């Protein structure tokens, strides 16, 4: 492996969360963005060809080293690591609405879900999955919510564009003048 | 790499702490202690011969994968260039309570937020955003917290009077639309 | 079944456990019923679905959740509207179900996205990130990024929290629905027709107003009285018997 690929491996293992291109470039003042990309590709291939238990994945606009999913059950059984808790169906619904309609206010979410979501928004804010993006115009200037990089990381998305487009869903709204972005 | 070496690699990366022999044996019911040792040796060699940025080390009676020390400096340097951290929603709420109610004790903050805030207060103290302003009268003479000049600096405020009054903020709440409205 | 009458008012906390575990809200329950019945969302047999909805809400003890009751009321209103003669207006006739259909479709779309998110999160959950974070890193915390807007939003949330006290909070005066029901019964015994203003004094506190309102609704539900409003925003009339059709 080249010295740069080794450095990237060490940095990604140490970081844990997805590392952004800027952060990787800061590792070596002599490295160009192109050489970083080459080294990342070298690292990815290394894991593939040598048949490692880990892999390099692109998530939330950055790169992250993750363990291969086939080993998860064994690791959990041996209690060396535990999977994070599942999000409830209600939480996933709320996130779906925020992801597609952001920035979106509480009342619009409640209108779509048909239930109060105050407590749910608090939980999602606490977990860092959503954040306040600003305030709407109008009476009371309600808070508007949007998704965060943690959201992308949680769902292993490179960017929001990886979510299915509204017209790719089996129910496409024809009556709705403003379809999902 | 053999399947067992791959499994050990994934487990050690996921665990983060040194894994004890018993824990490694628990990974695979079919593996003998001898085969685990062989696979660990295979992993160690793999990292050495291919020249990785990580290595397998024996620590505290167990095994751990660590980044090579030669990369520590670069990783730390890149961390300094990392994107600035944001306070969590919960930390901001705690800060908001202190800003509006100072001097205020921990129990009052916990009463409002409904959760323990000890760790949160430490974080805000470490960041220099709040400081101990004195002690309350009464049992135990609890510490009272208030905001610091650093707090004003962060929010580009000349003085605390520049924060909107609480009742101006609460207008937004009174006009919150009811669910299903 | 007397519509909502059979649902009772017992607000057992276990109701909400069922609520959280089984359905994500009234729209979710409605979609499940529509799927079970194998009918089209765009052409819901409203009478049948409304009946099943009420049955399910009752059977699962969801009746304490306002959202389900609200939906039940909505379904019954649509059902009533469907029974009205459509005249021969033809083009002018608006399907009373249209708004519900729109909401169901919108909700179903979000449900589908939620399912996509669930699959993605399951995939991501099946992979661990590296757990070894070098201890030195925690020492040098990166710079903080703060904005005044964020702080004010947090202050806003805090105030909202304070304004929605938890169940353990001490409320100066609890609601007295039973007391208000007794008062209304006594008043009704003397007069067959009452007005809202007869029930509460001009300087009533908010808990008294709320108690009276809930008592009124409960008595109406039990069929001990009926409520009538002859014109929009007109005075509310409270009548002794519930024999004839409600207005």
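By letter and in written order, the chains are A, B and C; residue numbering begins at 1 in each of them.
By definition in this document, a contact is a pair of C-beta atoms (placed from the backbone, for glycine too) under 8 Å apart; a residue touches a chain by one contact, two chains touch by 3 or more.
The shown structure was predicted, so the numbers you read here are calculated from the model rather than taken from an experiment.
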Determine the chain that sits nearest the middle of the structure, using the mean of its CA atoms as its centre. A
Tell me, please, which chain's centre (mean of its C-alpha atoms) is farthest from the centre of subunit B? C
Looking at chain pairs A-C and B-C, which one is connected by more C-beta pairs in contact? A-C
Provide the C-alpha centroid distance between subunit A and subunit B, rounded to the nearest whole angstrom. 18
Gap in Å, rounded to a whole number, between the CA centres of subunit C and subunit A: 33
Whole-Å distance, subunit B centre to subunit C centre, using C-alpha means? 38
Residues of subunit A engaged with two or more neighbouring chains: 13-15, 65, 67-68, 75, 81, 111, 114-116, 122, 125, 131-132, 143
Specify, in ascending order, the residues of subunit C that touch 2 or more different other chains. 67, 128-134, 137, 150, 153, 156-157, 160
Show which residues of subunit C lie in contact with subunit B when the two form their complex. 67, 70, 128-134, 136-137, 140-148, 150-163, 166
So in the complex, which bits of subunit B are touching subunit C? 10, 13-17, 64-67, 72, 75-76, 79-80, 82-87, 89, 92-93, 95-97, 99-100, 112-114, 126-127, 154-157, 163-164, 166, 169-170, 172-173, 176, 179-180
Complex contact set, residues of subunit B against subunit A: 1, 5-16, 19, 23-24, 26-28, 46, 50-54, 65, 67-68, 71, 74-75, 77-78, 80-83, 88-90, 171-177, 179-181
Subunit C residues within the subunit A interface of the complex: 20, 24-28, 67, 71, 102-103, 105-118, 120-121, 123-134, 137, 149-150, 153, 156-157, 160, 164
